[in-house]
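In the two complexes below, chain A is the common chain; its partner is chain B in one and chain C in the other.
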Partner chain A sequence: MSLVSKIDKPILIGLGFIVLILAVGTVYTLSTQGTAVFLSPNYLMQQLHVGAFLGITAAGMMMVILLGHIDLSVPWTLAAGAMLATAIGGPLGALTCIGVGLTVGLVNGLGVAFLRVPSMIFTLGVNTVLLGLMVMLTGGHAPQSAATDLMLFLGRDRTLGIPHSVIVWALVSLTLVFVLTRTPLGRYMYAIGNQEAAAYLSGVRTRLVIVAAFVMCSLCAVIAGLALGGYSARAYQAMGDAYLLPSIAAVVLGGTNILGGQGRYAGTVVGALIIVLLQSVLSVMQMEEAFRQVIYGAVIIGMLLIYSRGRIVNA
Partner chain B sequence: MKTLRFAIAHNLGLVLAIGLFVVLYAIYVSMHPNYGMNVVLQNGNEALALILVGMAQTMVVLIGGLDLSVGPLMTLVNCFGSIVMAGTGGSIVLGVIACMALGAACGFMNGCIVVYGRIQPIIATLATGAIYLGLALFLRPTPGGRIDGDFAWAFTNDINELGYTYGWWEDLGWFGLIPLQPIYLILIVVLVWLPFRRTATGRGCYAVGSSEAAAFMSGVKINRCKLTAFTLAGFFAGCAGIYLTMQIGSGNADAPQAAEYTLRSIATVVIGGTSLYGGSGGVIGTIFGALVLRSISFIFRVVPESSALGFVASPLLQPFFEGVILLIAVSLGAARTFRVRNRLSLFT
Partner chain C sequence: MLDGGPAAPVGGADLVMRGISKSYGGVHALSDVDFASRAGSIHAVLGENGAGKSTLIKIISGVVQPDRGTMSLGGNPVRFASPLEANAAGIVCIFQELSLMPDLSVADNIAITDPPRTRLGLIDGRAQRRQAEALLARVGCEDIDPRERVRDLPLSRRQMVEIAKALGRHPRILILDEATSALTGSDVEKVYAILHQLRDEGLSLLYISHRMHEIEELADTCSVFRNGRHIETFKKGDHSDDEIVQLMIGRDWSNVFPPKPARTSPPEPVLTARGLTWPPALRDISLSVGRGEIVGVGGLDGQGQRELLLALFGVLRGVAGTVSIGGKPVKIHSPASAKSPEIGMALIPEDRKTEGLMLPMGVADNITMAALPWLTKHLVVDRSAEAEKIKEMVARMQIKVSDLDAPVATLSGGNQQKVVIAKWLLTGARIILLNDPTRGIDVGTKQEIYQLLRSLAAEGAAILFYTTDYDELIGCCDRVLIFYDGRVVRELSGESLTETNIIASSLNLQPGEIPTGAVQ
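Let's turn to the complex of A and B:
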């Protein structure tokens, strides 16, 4: 088997696009400032550092998208986890944060798998409830919102120049790749995404698999929340809002089918990198916010037109 | 009798949404200290934009998709409207028409990307949503613009005020107290939705939502149906943008607001009894779905602080209860899960 056929088309094109972004950016900086800032290891490490938060969130999102579901509760799961971690503080805060992830994942999973409410609307409701709970928490009085030592360690600090958030991202990635490719759970997830009825008839306990996927998604969200809280040195209410649509976009840019059942984890990493690099390069090029949004949208459509077109329905 | 029962069974979602709205609104009316037509007017003002955005979402959900660009499109039309509706007299009418055309054109573009680009609606509209928001920011980098005050006042008020402002008619008695918002809705439903529902394309949209392959085999023009549904969705979102412009009198490329409208529109569609899997429901249910959502927040405003339920009156608790009620409402539909004999029938 050749290397090209092993790495599938979306990932290859995605990697090519990353090179293209960096090349265009470098041409721009060379002509205006005479430096190739985009190729410096410092800059690239900084992008990985920032990209890790989106990468971790998108990794979780991919788990539910593989099943053909979606999790709209990610923004406030992330924010709630981080806000509780800072409000309680210390190791107990971090444990609470993980507990929030587990609980939200279980509730989402139960609603989607056992009550069979469409995930789109159930997770939307859970998101609103979490928002409400956090407004209650911060409304009457202002709780502690400065990041704890653990969060700073995860989100801000570096060892030998490598940001810890990148290491966390790598660990999360390794775990998920292991789950997806080396465990029955991973196989079942792909099976359910393709045809839930078939998986059920083959004896897969599909409802438990769905719950597991939602738990993984929420856990990723709170881990990203911990790290992001550390990076920005505090937890605040709308901190997760900027991660919902980009994380879905990252998963889809990586070649995962939004209807489920198809997609490789490496694609999601590439997708997250594309989004982070695109935003960063455009802002260094002093592109206005308006044009950045337009280019961002156009890139998603353009890339999907190349490799992610659906089949024509004709039977 | 039999036909009535059949009609109810066939529109259970719609009936439930109307029932829920009537109950919630009755609670609100009974608690309101001085209820009157002016309160209806205020309620209509707060609800209309959400209703229209919900109607836009309904069109795409009907064909089995999801539109994440309804909020941004509303925002874009709002910013565009704050420019083209800024004149006086006849130019405002042209501006309104231009806004409707922009909405429909953007919806049509969504449709083209979905139909000819063969990209899933949710992803295509995620991307176009970013583009529309970008364009809105381009038109209004900072909130601003000012549309004609008389116009904005007269057309977001009741029939009497409309007459006074332009000197068209004098006091019309009780008739003049009717707010304009329900009239807009009735006009849109009677002139756009009901005729559309009866055309071959309108029926085709339901067929496509139920089963695209079956619709294709039956000779339904799938592409035309999808394009029309997206164009109508854009038109409705455009109407929401126009109303928002009249309401706030200026343009604001507010990204969080756009996202909130998009997410709420999904909730209104579901509460209104339209299936997220497509193929059943309609915009009339969505109107009541949006009214249900708004009624909930209205009620929180009038709960007396001293009563037994006074603690819920705290504005801090409102988002929490809204979420809980939404979850309960959608979980009610899960009752069938416990009644099925063969669990296989759940995996539709």
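Let's turn to the complex of A and C:
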């Protein structure tokens, strides 16, 4: 597929950059501590574990970015799902959490596809509404209840040393790759991202495709919420805030065009790994927080510059 | 431009190109082209789309660089790395697509690249206005107010502003790329006059146009290009129109249109519409298209023809009236329902780049975009069936493509349009609506499309064909409906299907009432 081979380059650059981050970090630890902690299986598995939450969120985000849209309601969709899951507890809590994802996705999709509100505005509004609703429900305090067994199972537990959240990430990934490459829905998503009018005039039910993408995005957010709640053993209000911009960055670092239509799923995985490793290595190197932010931002800009130089110009 | 007024051009220069080659990917846009244009002449560059005309212009104006070959200007070898460099050497282009900023004033636009400054470095509005006035006067448009917004000018006047702007840049070589296609009425005369005057002042003018009569009126010399090669350069009058067309297409220009089948009885109606109304564009339109019939839709542009096609295809909301397929009333509320097997309708849209194709996506993905639901088993695309269908279509439509996954943007206009048509043939549509499908397509592909339409009709399709080209209405259609102000004012067929009748009805006149000058 041309769309795929064309975008291989960002993925290769991304993989190269991952190696570079690990190499620089290792040189640093070898010279200061005499150990190569960044290359130990334990450390790498730990990074995958932490990266899974970002990876799952970014996977969902990619579905809407492919259409040329964006979902800014991800932070509070994630938080609301996790908070309701812990507040209600048990299997019903988990079902409620999935229900939150479905509902928010439907509302976003309907607003964007049928009411034609720009997604940036609409989802920002939905995010604020969710925030308000959760504050009302919890009375402004963090809920007392701890993560449910299912959440702990998904977010904290391991089997044969592999964190379950990594397995969840892998399952979500396989599903989305299948949707993107094998189903008409996936084909239509690329088509809409490239030229919505042409897709519509080809008899594609474009509005349903848009709704489906927003539902996928919100479902990913609440799944990430369940796992993250398990990992931190509780759900709290700001738990999703740290995932909005990094998830968008992961998608774009992975080579997906922010205007939609182009991008390969593997890139998003690579993008999430870059962000997680970069943050981790910078903090181990005991860099000041402010300086870390500067490097983090500079890396994102720098990598995008590298990609865009080589990208085929769309006539 | 220190004096704020238009200085006389510094005089023209001979442009000589030797052995120029340029390829994009594996496609040779120009192969080993020798080309020369003299100072003090108007040189027409002719050829089909894809013949290499635009690449030639792009090389001269520094937009692209040739792979091989040399270029000299007034005897000095030149090489332009950018349009800016070409500009500085006195090469100025006027393009078909207007390059004006609609929300800026006429004067702002004319001075956009190099506005006169005050001593503080700010834009000197007064000097800029004087400069614009002088340039507009030069092209005979004293009546355009330099303070007016370009958006508020009619298209033809904008084109005049464009020409004034070009003159402000002191061209030695002036290139006009279809720059007169938007001109109407007296502006045409003005432009001809100014172009002749510029030639007499010694400029070298390169003129690209598809309109034979313009070439006859303007050009001194003509060069014909075909398939990236320079075929012949000759003086005006050395070849007849027919010979020129033959040079352009490389074969005999006859039998362009396939013969129309003789009909003994009226065909059974496939698509019938009664009282379609969508004010103000459509007013009570009734029509019927029969099995095996090609029904033309004509009239001046913008009389409701496009809306008719969109209404039938389920794109417009709130259309009153009824549509029946094969005698059964149907409701078509979206393109998705229009393409369903019960209805079997297809629309080849007006603008293939924004409505017909996803340009960055592959040829293959574009071909199956509409028929994907029928190539899907258990929610999964059946890739082997898909690949087979794509192969069939590429062969049937003779789409020239080396890599089926290459972005469709890399294809020529004619091949792109074939992809759009292939996409709809794959759905097995029985009713085919076409919205000006041959616009901007080379003569060879046009001919292929006419033949395809006729053979589809022979297989039983019902075809509704909107075109702005009279020859197509006459040559390709069994019957023609002429639109005027949202109504069908006349139906022409057989003996009455003539250019005179089409023009008369388009103006809503009775035959014999044609005002002189309306026929071009």
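Keep in mind that, in the parts below, the second predicted complex is superposed on the first by the 295 of 315 C-alpha atoms of A that agree within 3 Å, B and C clash if a C-alpha of one lies under 4 Å from a C-alpha of the other, contacts with A are read in each partner's own complex, and residues count from 1 in each chain.
Everything that follows uses one rule, which is that contacts are C-beta pairs under 8 Å (C-beta built on N, C-alpha and C of every residue); 3 or more make two chains touch, one makes a residue touch a chain.
Since the structure is predicted, the reported quantities are computational estimates derived from the model, not experimental observations.
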Can A:Pro184 be said to touch chain B (first), chain C (second), both, or neither? second
Mind working out whether A:Val19 is in touch with chain B, chain C, both or neither, as first, second, both or neither? neither
Look at A:Ala298 in the shared chain and tell me whether it touches chain B only, chain C only, both, or neither; answer first, second, both or neither. first
Contact-wise, after the overlay, does A:Arg116 reach chain B, chain C, both or neither (first, second, both, neither)? first
Regarding the shared-chain residue A:Gly261, is it in contact with chain B (first), chain C (second), both, or neither? second
Quick one: is A:Gly139 in contact with chain B, with chain C, with both, or with neither? Answer first, second, both or neither. first
Now for A:Val204: first (chain B), second (chain C), both, or neither, which partner does it touch? second
Touching partner for A:Val126 - first (chain B), second (chain C), both, neither: first
Going by the contact rule stated at the top, is it chain B or chain C that touches a larger number of residues on chain A? B
Just to be sure I follow: which residues of chain A are touched by chain B in one complex and then by chain C in the other one? 197, 200-201, 312, 314-315
Seen from chain A, its contact residues with chain C in the complex are 1-3, 5, 182-184, 187-188, 190-191, 194-195, 197-205, 261-262, 312, 314-315
Going by the contact rule set out above, which residues of chain A touch chain B in the complex? 70, 72, 111, 114-118, 120-122, 124-133, 135-136, 139-140, 196-197, 200-201, 238, 241, 245, 248-249, 252, 258-259, 288-298, 300-301, 304-305, 308-315
Mind pulling up the chain C residues that touch chain A in the complex? 313, 315, 334-336, 338-339, 347, 349, 354-362, 365, 369-370, 372-373, 376, 379-381, 403, 405-407, 409-410, 423, 427
Which chain B residues qualify as touching chain A in the complex? 66, 68, 113, 117-120, 122-124, 126-131, 133-138, 141, 212-213, 216-217, 222, 256, 259, 263, 266-267, 270, 276-277, 314, 316-324, 326-327, 330-331, 333-334, 337, 343-344, 346-347
